[in-house]
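All chains are identified by letter, namely A, B, C and D, in their written order; residue positions are counted from 1 within each chain.
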Amino acid sequence: MTHIDSKAWLLIIAWLLPLCGFVIEVFAGYWSHRCPGGRYKSRTAAYLAVGCIGGGFLLSLSALISGISDWGLLEHQTSHSQAAPLESDNPDAHATAHFTVANVPHGEDADTGETGHGGGQKYVSGEIYTLGTFGKLRIAIDYYVDSLTLIMFTMVTLIATCIHVFAIGYMDDERTEDHTDHQVHLADGSHLHRPGRFYLFFSYMSLFCFSMLGLVLAGNIFMVFVFWELVGICSYLLIGFYVERRSASTAANKAFIVNRVGDFGFIIGLMILWTSFGTFGFKSYTDGNDGAHPEPGLFEMVRDDHGKVDVEKTDHGSIVRIQDHDDKSASIPYWLLVAAGLGIFAGCVGKSAQFPLQTWLPDAMEGPTPVSALVHSATMVAAGVYLAARFFPVFLPEVLLTIAYVGAITLFVAATIAIVATDIKRVLAYSTISQLGYMMLAIGLGGWGAGLFHLITHAFFKSLMFLCSGSVIVGCHHEQEMPRMGGLRKKMPITACTMLIGVIAICGLAVPGVSLWGYKIAFSGYHSKDAIVATAMTYAHLNPAHSLLFLAPLVTAGITAFYMFRLWFYTFAGEPRDQELYDHCHESPRVMTVPLMILAFFAIFCAVGGEGGPLYTAISHSETIPEHIADSAITLPSHKQIAGYHQQAGILALLVAAVGTLLAWLMYGVGRPDPGIIRRQFAGTHEFLVEKWRFDELYDAMFIRPVHVVAAWFSSFDRRVLDGVLHWFAHTGVVLARWNRWFDESLVDGIVNWIAVRVQAIGQSLSVVQTGRLRQYVMFIALGVVTLFLLMFALFPQT
Amino acid sequence: MSNQPLFWIFALLTCGGAVGVVISQNIVRMAFSLIVSLGSTAGLFFLLEADFVGATQLLVYVGGTLVLLIFGVMLTASGPFQQIRVSPGETFLGAAVGLLLLSVIAFTVIDVEWDTLNAARTEASPGAESGNTARAIGLRLVGIPADHEIGVHEGRGGRTGYLLPFEIVSIHLLVVLVGAAYLARAKRRVADGSTGGEN
Amino acid sequence: METGWQAAGDLETTMIPSLAEATIRSFLDGAIGNAGWASLLAAVVHVALVAGFFGVPAGIFIWAERKISARIQDRLGPTRVGGRFGWLQAPADGLKLLQKEDLAPKAADQILFPMAPYIVVVSSLAAFMFLPFSDGWIAVSLDIGLYLMLAVMSLEVIGVILAGYSSGSKWALFGAMREAAQMVSYEIPMAICVVIPVVAAGSLNLNEIGALQGGWLGNWLIFHDPFTFATFFVYFVCATASCKRAPFDLAEAESELVAGFLTEYSGFRWSFFFLAEYASMFAVCGIATLLFLGGWHTGIPGLDESVQGLRGSSASWPLSWLANVLGFGVFFVKSSLLVCVQIWVRWTLPRLRIDQVMMTCLKYLVPISCTLFLGAVIWPLVLSATTGKTTLLGEPLGERAAPALEIQADTTMTGREGDLP
Amino acid sequence: METPLAYYLFVGAVLFVSGIVCMATKRNGIAVLMGVELVLNGANVNFVAFAHYTPLGLDGQIVSLFVIVLAAAEAAVALAIALNFYNNHQTIDVDRGDKLRG
C-alpha cells in the first residue's frame, strides 16, 4: 500500500469503524450488557454503535469538505454555468435553441465531459489490499472515491446516525432479560418470553453500515458484489430480527430469495464483464501506481474520454471496440455488452425492489421500524440505484431504455397499491418502491444527475417519514393499522409536524412563482422530482414513441401526493377512531424526536437551490455524459434540452401533485366523497390493488407451482429409480456381509480363539507359580541359581 | 602382626549373628543379631585395612538397622512379643535350599586358585598396609585417582574417578529420601473439635 | 604456633597412626622382647587407661552434679561422705548399687534385658578410644578418628532401645521410642556442625585438629570465622540433646514415663546407664573442646609455644610427658567447664515437650546448621578474594591440606608412585 | 601368616545365604528387609576382601561404599512401603500381600 489519498483514508476509516463496533458488540455484547443485579441491560452497545457511525459521519463530512475544496465541487462546470440558467426568465428561448441542436446531440456537453476529465481527475482510486491474484484475475479491496461516493458516504452516515439514535429509544423494550413478544402466540396461549436482543440489534446495524459503506467505497465490481451480498445478509438478519414471529422469518426468507434472483443476473453480468474486459476495476488507479501506465478500468474501456462508445458493424453483427487496451483490436459483441448491462441491472432490480421483483420490500416491514427506515428506504434499496448510476457508463441505450421502462412500471404499480394499503409502514414501503422507480426511470432516461439527486433527497425525507411512523408505532403501542388511528397530531405534535414536512417533501409541493433570496420556496422533494419529470418530458419530446415514460411519472406524482396525504390525514388529522388507542397514545421521548427534527431539517433544505444548488452541482461532477451512438433509435436528452423543459415540467408536476393533495384532503380530511363508497363502487379494482396486483399469486402460479410439480417428479424419480438402485446395492452388500460374517466367525475367529485358548491354558498352568508370595519368589531365585550352577558344572566341567 | 585370632573372633560373630537373624523368631532379637553381625563385619573391614568403609558400615548400617528396629517394634506392637511363625515344612525347605546354595558357593570358593591373585597383589603393592584410606577414597570420589596401585595401571588411564557415580548417588539419595517421606507421610484425618489444640 | 605448625607440617611424623601406642608399645617391646605379646600388653594398658579416663570423670561429674544442683537449689548437697565436700559420694553410691539385687521383670526379654546396659556402656567407652587427651595421648589415632567416634557414640542408642523394648513395660517402650526419634533426628545437625570445623581444619584426625589450634587464642577454631563461632553453640545444643540431658531428657521424663527406659532397671545395670550418660557428656564436651576450643592448648601465646617446645624435644621423653600432662590438665578443665554448663542448664531450664524437641531439631537446628555450613565454606573464599588471607584472627589453618594435595596431584600427573598416607 | 582370601569369601557366603534364607522363611516384612541387608553385606565383604587381596585396590572399597549408601536408600524406600503396607493390611505379614492387584 503505497500512497492513499487523504479523502480515501478518511472514508476507509469511516468504513472500518462500524466493523470494529460490530465485532465488539457481537462478541462482547451479551456480557457487557449485564447490569449487576438489575433486570435492565445497559445501553453500552447502542452508544458504541452510535459512536462508530457518528465518528464515521464526522470523517465522511471532513472527506466531503476536503473533496469540495480539492475538486471545487460547488462550482458549476464550465459550460453548465452558462448553459443552465435554471430559473431563467425566458424558458421558451432556451427551448427553441435546444431543439435546433437536437439533431447534433451533445455538441457542447461533449466538451463538458472533456473538461470534466481534463480539468484534473475528479476521482481517486487505489488499492487497499490485494486478496489474491489468479492468473489474469486480480481480486483486491479497492476504493473509488468521487463526488458521488463522498455524498453517499455523508448521506448514509448521517441518516444512519440519526436512525441509530432513534433506535435507542425505539428498541428500549428489548433492553431487558425477559422480553415478552406479544405478537408470538405459543401453543398454550401465552406470549413468547425471551432475553432482550438490544445489543444484537445494534451489532447488526453496525454490520449493515459497514457493508453499505463498503459497497459505496468499492473500487471494483467484484467488491461491490461482495458487499452487495453482505448488505443482503444484514437485511435478512434485520428483517428476521423478531425471528420467532412466523411472518418475520418468512419475510426474511422472501427478501433473501427474491434478491437471489436478481443476483443471478448480477453474476452473469460479472462473468461477461470479466471474460470480455479482464478486469473488475471501475477506473484506473490514481493512487499507488508510481508513474506506470495504470491498468485501465471498465469505464475507460467501454467509453473514451468523450463518453463515446466505439461501435463497429461487422459481418457477425455489431461489435464494441474496447478502448484504452493493450490489444488495439480487442472488442466485445454489442449484444454481449447489452447482456452484461442487463445482468448488472437485474441485480439492481432485486436490490431496489423494482418490477418484477418488488414483492419482497413490503414484507420486509416486519423488521423493526429503524431497520425499515435505514435499510429499506434510505440506504440499502438505494444501493441498486447507486449501482445502476455507477455503472451508467457501461450501459448501452437499449439497457437504459429497459431501465426506464422498468422504473416507469414500478413507480406506477407501487403507487397504485399504496393508495389502498392501510398499514402505515406498508404505505411507506410502496411509496419507497415507487420513488425508487422514479430514480431508475431518471437514470434510464439519461437524467443521471436527476436520479441521484432524487436518491439523496428521498433518503432524507423517506427516512424521516419512516422514523415518524416508528414514533407513531411506539406511541400507539405497536399498532400499525391506520384505520385505528386518527387525530394523533394532538397527542404527538412533533411527530405530526415532522411527518407533514416529509409528506410535503415527497409530494413535491411548492409555492409557485415566489422566491426567497433567489431560492424557490419548496422542500427537497420538489426539486428532485421536478428534475426527473423535466428529464422525462424532454425525453418524451425527443423520442415520441416513448411518451409513456413521461406520463407515468407525471400521473404518479399526483397519486403520490394523494396517498401520502391520505396517510397523514388518516393518522394525524380528524377524530380518533379508536378511543382506547388514542387514550394510551403518547409522544415519543427526546431521543426519538431529536433525530426526527434533524432529518426534517435536511428534508427541507438538503436540495436547496434545486439544480443550481450545491448538492446537485456536487453530484454532477461525477457524471459521465454518454455520447450518442450512431445508429441507436434513442436520443438522450442533454442538460440544455432538459433545462428548456424545466419550467413546464415543474408547473405540470406541481399541478398534478396539488390535485392529488386536494383529493386526499377531500376524501380523508373532509370525508366527502366518502372513501368507503368509492371503495365499494370500485370493489374489483380495490381488491386487485389490495392484493398488490396479484403479483404474489402470479409468481405462485408461474414459479412456485411449476417448481413443486418438477420437484414432485424428481422426488418420485428419486424414490423409484435411484432408491431402487441403491436398495439393490444395499441388498447385495447385506448378502456379501452375511457370507463375510460366516467366514469371520467360523474361520478367522476360530483360529484366533484357538490361539487365545491355548495361550490362556498355558497362562493358567503357569499362574500357579505366580502366587504373589514374596518368600516363594526368593526361593525360586535361590533354586534357580543353584540349578544354573549345577547345570554349568554339569555341562562345562573344568573350563 | 598376625590378625588370625581377631579374624576368627569377628568371623564367628558375623556368621553367628547372621544365623541368629535366621533362627530367631522375635523381631527385636533378630535386629540385635543383625547389629552384632554388621558390627562384626565392620571389624572384618578394619582387618582388611578399609577403615573408612568400616566406619561407614558402623554409622550407616547401624543407623539403618536402628530404624529397622524402631519399625519392627512399631509395626509389631499389637502384641508385645508378637511372632509370625512359618510352618516347619517351609522352614525345612528354606534351610535345605540355603544349604544347597551355600554348598555351591563354598564349592566355587574352594575350587578357585586364589594364591595366584595373592601373589599378584603382593607384587603390586608392597606398601599399602595402612588402613588410612579415607583421604584416598575422598580424592577418588571427587575424581582424583590418588591410589598408586590403580593410577599406574595401563589401560585404565590416569584419571579414573568416581565423581559422576558419587554425584548420581547423592541425587539418588535425596530423591529417595523425599520419596520415602512422601510414601510414609501421615494420612491426616479431619480433626474433630476435641483435638484441636496445639501440636 | 610456629612449633605447632612445624609439627603439623612434618607429615611423616604427625601422620603416624597412633603416637601413644608407639610409645607404650615400643617401651613394652623393649622390656619384653616379643612383639606379639608387647602389642597385646599395650592394648591392655590402653584399655585400662581409657577405662580410667572413662570412669573417673564420670564419677567426678556425678558428684559435681549433686553439688551444683544443690547450690542452684540453695542446698548444700552431699557433705559428709569422705570429708568436707562429700567427695566420696560417687564411689559410695556405686558401692551401694553394686550391692543391690539384680532384678529382672518376668515380662522382660531374658537375653536382651541384661545385655542392653553393656551395649550402652561399651559404646560410650569405645568412643574414648578416639579422643586425644593431649598431644598424642590417644588410644587409636586414625585419619577418620572423629568419624569413627561419632559412629561409635551413635551405637549407644541401640542399647537404650533394646533396654526399653526388652523391659516389657510400656513406660520403658515409650521412653525408648522417644529416645530413638530424638537421637536419629539430632544426629543430623550435630554431624553437620562437626563437619564445619573439619572443613576449616582440613582433617578428620582429632589429634591433628587439636595440634593445629596451638599458638594463641585466635587460632582456636571457634574464632576461625563467624560461622564456626555460631556453630559452636549449635553443636553444644545438639550435643546436649544427644546425651539426653535436660531440657531434652524426654526419654526418662519422670513426670510422664516414671523413668523412661530405666524404669525396670536397678542396681548395677542401672548404674551402667548412669555412668554411660556422664561419660558421654564428657565425650561430647571433649569433642567440642577439640574442635572449637583449642583442645589441650591454653590459648596464651607465649605459654603455648614453650610447652610445644618441650614436646618437640622428643629425645627427653619426661619433658614431653610433662608437657602432655599439662595439656591433659588444660583439656580436662575445658571439657569439665562445658559439662558444668550442661549441668547448669539442666537445673535451670524446664523440660520441653517431645514435639517441641523434634520441632527444634528439624525446623530450626537443621536449617541453621546447613546455612552455617554453607557460610563456613564460602567465608574463606570470599575472605581470600578480598583480603588475601583465609582467616581474620589466627594464622591460616586450612593450608595444611594444600601441600598434600599438591603432592598427590603430582603423582597423578607423572604416574610416579608417591609415598602417601 | 595372613588370613587367606577364601576365609573372607566364606564369611561373605554365609552372610549371603543367611540373607537368602531369611528372606525365604520369614513372614515378617521387616525381617525380609533384614535378609536383604544381610545379602548386601555378604556382597560387601566380598568387595572389600577382593579390594585387599587383588590389584583392585580402592575400587572395591568405593564400590562397597556405594553399596552401603544405596542399601540405606533402599531401606528408606522399603520401610516406607512397609509402613504403607501396614496401613493397608494392619499387619506386615508379607504373605498377606499376595493380591497381585491394587
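To be clear about the criterion, a contact is a pair of C-beta atoms (placed from the backbone, for glycine too) under 8 Å apart; a residue touches a chain by one contact, two chains touch by 3 or more.
Quantities reported herein were computed from a predicted structural model and do not represent experimental measurements.
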item: Contact-richer chain pair (by C-beta pairs counted) among A-D and B-C; value: B-C
item: Interchain centroid distance [CA atoms averaged], chain A/chain B, Å; value: 93
item: Distance from chain C to chain B - Cα centre to Cα centre, in angstrom; value: 26
item: Distance between the centres, which are taken as Cα means, of chain D and chain C, whole angstrom; value: 32
item: Sites on chain C at which at least two other chains make contact; value: none
item: Multi-partner residues of chain A (each touching 2 or more other chains); value: 775, 779, 782
item: Shared interface positions of chain D, touching two or more other chains; value: 20, 24-27, 35
item: Touching chain combinations (by label order); value: A-B, A-D, B-C, B-D
item: Residues of chain A touching chain D in the complex; value: 770-775, 778-779, 781-782
item: Contact footprint of chain B on chain A as seen in their complex; value: 775, 779, 782-783, 785-786, 789-790
item: Chain B-facing residues of chain C, complex; value: 15, 17, 35-36, 39, 107, 109, 111-112, 115, 142-144, 147-148, 150-152, 154-155, 157-158, 161-162, 165-166, 168, 173, 176-177, 180-181, 184, 187, 204, 355, 404, 408-409, 411-413, 415, 417-421
item: Complex contacts: residues of chain D adjacent to chain B; value: 1-11, 13-22, 24-31, 33-35, 37-38, 41, 44-45, 48-49, 51-55, 57-59, 61-62, 64-66, 68-77, 79-84, 86-87, 91-93
item: Footprint of chain A on chain D - complex, ascending; value: 20, 23-27, 32, 35, 94-95, 97-100
